[in-house]
Amino acid sequence: MNNILEIKNLVTSFASDGRKARAVAVNGVDLAIPQGKTVGLVGESGCGKSVTSLSVMGLLAENGRVESGEALFKGRDLLHLSEKELRSIRGNDISMIFQEPMTSLNPVIPVGVQVAEAARLHEGLDKAAAKARTVEIMRKVGIPEPERRYGQYPHQLSGGLRQRVMIAMAMLLKPDLLIADEPTTALDVSIEAQILRLMRDLQRESGTSILMITHNLGVVAEICDEVYVMYAGEVVERADVFTLFRACAHPYTRGLMGALPRMTPKGQRLYNIKGTVPNLWAMPRGCRFAPRCEFASERCHKEKPPLEDLGGGHLCRCFAPRGGEMDG
Amino acid sequence: MAKYITKRILVTIPVLLGMILLIFFMLNVVPGDPVTVMMKEHLKEDVVENLRRSMHLDDPFFIRYLRYVWDAIRGDLGVSWKLSRPVTGLIATAFPYTLRLAVCAALFSWIMGIPVGIISAVRKNSLIDHLSMGLSLFGVSMPVFWVALILQNTFKGTLPVSGVQTWKGYILPTIVLGWSSAGRIARLTRSNLLEVLREDYIRTARSKGLSRLMVITRHALKNALIPVITVMAIQISSLLSGAVITESVFSIPGVGSLAISAIKNRDMPLLQGTVIFTAVLIIVGNLVADVLYSIIDPRIRVE
Amino acid sequence: MKKTQKDLYTARLSQQILDADLQPDVGVRGSIVNMFRTNHAALAGLIIILLIILAAVFAPLITRYDPNALNLANMRKPPSAEHWFGTDDMGRDVFARVIYGGRLSLMIGFVPSVISLVLGTALGLMAGYLGKHVDALIMRLADVVLAFPSLLLAMVVMYTLGSSILNMFIALSIINWAGTARVVRAQTLSLKEKEFVEAARSMGVSRFKIVFKHILPNCLPNLIVLFTLDIPGAIMWESSMSFLGVGDPNAASWGLMVSQGKSYAYMCPWLILAPGLAILVTVMAFNFLGDGLRDAIDPYMKT
């Protein structure tokens, strides 16, 4: 199978005020996105899923740094490209959609101009051509009266429309890969369904691969082909979407699932797993989930489990993976 | 929009009247009116009485206040006791000097302050950042009159240090007056820009492949500079009152010099006129800055 | 004169309190201690202020010269081992005059700042807590005062009351209370709606007690900052007015020393350098301290 993006052993750390040691937010993540597929990256906030995508794009905040690893995109390692080379990829070959469309759009620039910007930059279109192209993509993502909306400011648009603008911005140049970081979290459920449908339609048409970052298993069920579950900076489980929902093996994933009533793609917020995500400076020595795990044995607290293949590409980081069907 | 401006103007009117009332009250409770101050020794008591009555000096305070406001609206601010000329005319002669000085100082402070602020923000915590921020706090803490004296004595012989017969005469006063404003603008530009650069939309802009320079010029600067406009309002006030000191040191015959000479000569109408004129300028300046702000910021513009 | 640090601060702060519904900060003391540990400028400011206060208090131990002793045989001598900062046009020791002048300048910094702090707090509490007409009246008055260029307003007060040090205190208090009142009012308004105040009210605690036990303590951190920034402002205004000849001609403050030295500034620069530097260092020390306290106390103002 052809992978559009392959992340290997990614390690990213952050400096923090008043501390000498750097906090490792992503600790050796491997992740592959097959051509034309949608891969979900799931976990609680703070588990490192957004940091993973920002590392790949070279968009980490000032205090963040990629320590090691590679991210092969069409044979080129994104982590070792110059800023200039990366810029030619950003917004052109790989584009992103962010969580909060209100704050992710510039409040003092008309939305159309913000969408058109990438076309002018990467394809050197003149103003009129870029506008024509922008109006076309805005219509395609379901923005009514795109000519009028082109000149409006973000605060004049509804949340759903703003996210459609973000999608138009991301899909304008038909990227090979779209990284969507919680694209529907800020939206209400009916709008969420529309946006996900739109993304699926656009994907079918353009063949774009999608990395869907979310904490919402409903979104995963709706749109993803494969799923990676992250916990405390590490991948703890990987499976295709059917296997994951039918027979997930890691206690953490099962906890997430258990919190999802009826497993309908409705998008409830979940987690009735007790305890909280461990502090980045005080990581457990053994399995990082052990302190919260009801099945944890002595070994789990001492030794770190490897990511093992349970068969058919179903990976799980656990000494005692749970088997069998979930009881809903 | 028009509604907003109208409302803003209406709010200004009571402040304006209150301000005139305050000044009028303070300057008119002083014992002694022109007749008693200037002619007491030369005239008999009943003549003084008659004169006072004919000049309406015996009217109740509030009537005199209303009359002053009414006259002021028609452009009559009374007659200077010392110079025996209409105060309005004196101010009209002096104001161009003050205006030229204030405009030069404002331009100086923007040209210095905004780029320094931007560079400091972009190179945060670098040597140049620490240096320029230190200098700007230095600027805010310096006594204006003292800097003026030092520059005057340093450039004696190189540049004109007194009077404004040629444009060169404005150079030193401009620097003196503009310096602290420049420091404040630099600090504000820096902190606003740093704030804006942490916003989500900056990350969006970078994710589109824009270079750092383009991100700053196209996406960050406009957001960062909009609040700086409000400082212009405060700046008008500080420049006009700073002009009092600057004009005095550099012998510039502006409104500030008029006010000082009025105090020294105990010339009440002249002092009253110059102070009220300056305060009106400041209030109008604030108004203009507010309206400008609402025009520039699309979030306020479309209501 | 320029607007002081405080003017900028009060305008922004009162808006922010209203906008952001500032929470009473429980960790203020800790954050101040922490601030001194990391903010070296603020620490330096504090140390310099303490040194200046010590020098002023123990002036006779520091210099053996009488600041007012004339010595016409020893006029305008440049700095030497004998006279560290030289002598002035009447042969008086400039170093001694700067040290003793510090007593006056510090007093001018503190006294009006305390008065305007008390006045501004009382009026702000009244406006915020009583609301309605009281609020409207006090706030319009504050608007009027804030609309004025502070220097001109203070000069008008001096004109009316006459040039004395006591009147200088009054003038400086009048120009400074309004900013404080605005901030206290904003904070009172936001605290009034908080649960703990509502709870106290429902339990029948008297208004007076609510204001003093619940509202005032929560205003304290901001008041400390405002007070710290008021002091350099007052020193600056006084020295400016003394320089312009509007101050008390007998009070040998730093501003007056610069003013008296200005005619000889070219030949005898020490006459203006010494007192001017004294103003600069003092004002800067207070500004550093005030800025540091502000950053420590107020999370919104951090840059």
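Should a chain be cited, it is by its letter among A, B and C, assigned in written order, with residues numbered from 1 in that chain.
Assume contacts are C-beta pairs under 8 Å (C-beta built on N, C-alpha and C of every residue); 3 or more make two chains touch, one makes a residue touch a chain.
Everything numeric in this text was worked out from a predicted model, so none of it was measured.
*Asks:* Quick check for the class: compute each chain's Cα centroid; which one is farthest from the centroid of chain B?
*Replies:* A
*Asks:* By raw count of C-beta pairs in contact, what's the busiest chain pair here?
*Replies:* The largest set of C-beta contacts joins the chains B-C.
*Asks:* At what distance in angstrom does the C-alpha mean of chain B lie from that of chain A?
*Replies:* Result: the chain centres lie 53 Å from each other.
*Asks:* Taking each chain's centre as the mean position of its Cα atoms, how many Å separate chain B from chain C?
*Replies:* About 21 Å, centre to centre.
*Asks:* Going by the touch rule set out above, which residues of chain C reach two or more other chains?
*Replies:* Counting only residues that touch two or more other chains, chain C contributes none.
*Asks:* Would you mind listing the residues of chain B that make contact with two or more other chains?
*Replies:* none
*Asks:* Taking the touch rule as given, give the residues of chain A at its contact with chain B in the complex, in rising order.
*Replies:* Residues of chain A touching chain B: 57, 59, 87-92, 95-96, 98, 100, 103-109, 114, 117-118, 121-122, 153, 155-156, 166, 169.
*Asks:* Can you tell me which positions in chain B touch chain A when the two form their complex?
*Replies:* The contact residues of chain B facing chain A are 199-201, 203-211, 214, 218-219, 222-223, 226, 297-299, 302.
*Asks:* Considering only the defined contacts, which chain C positions touch chain B in the complex?
*Replies:* Listed in rising order, the residues are 1-5, 7-8, 11, 140-141, 143-145, 147-153, 155-160, 232, 236, 239-240, 243-246, 255, 258-259, 262, 265-266, 269, 272-273, 276, 279-280, 283-284, 287-288, 291, 303.
*Asks:* Where on chain B does chain C make contact in their complex?
*Replies:* Residues of chain B touching chain C: 14-15, 18-19, 22-23, 26-27, 29-30, 137-138, 140-146, 149-150, 152-153, 156, 180-181, 184, 187, 190-191, 194-195, 231, 234, 237-238, 240-242, 244-245, 248, 259-260, 263-264, 266, 271, 275, 278-279, 282-283, 286.
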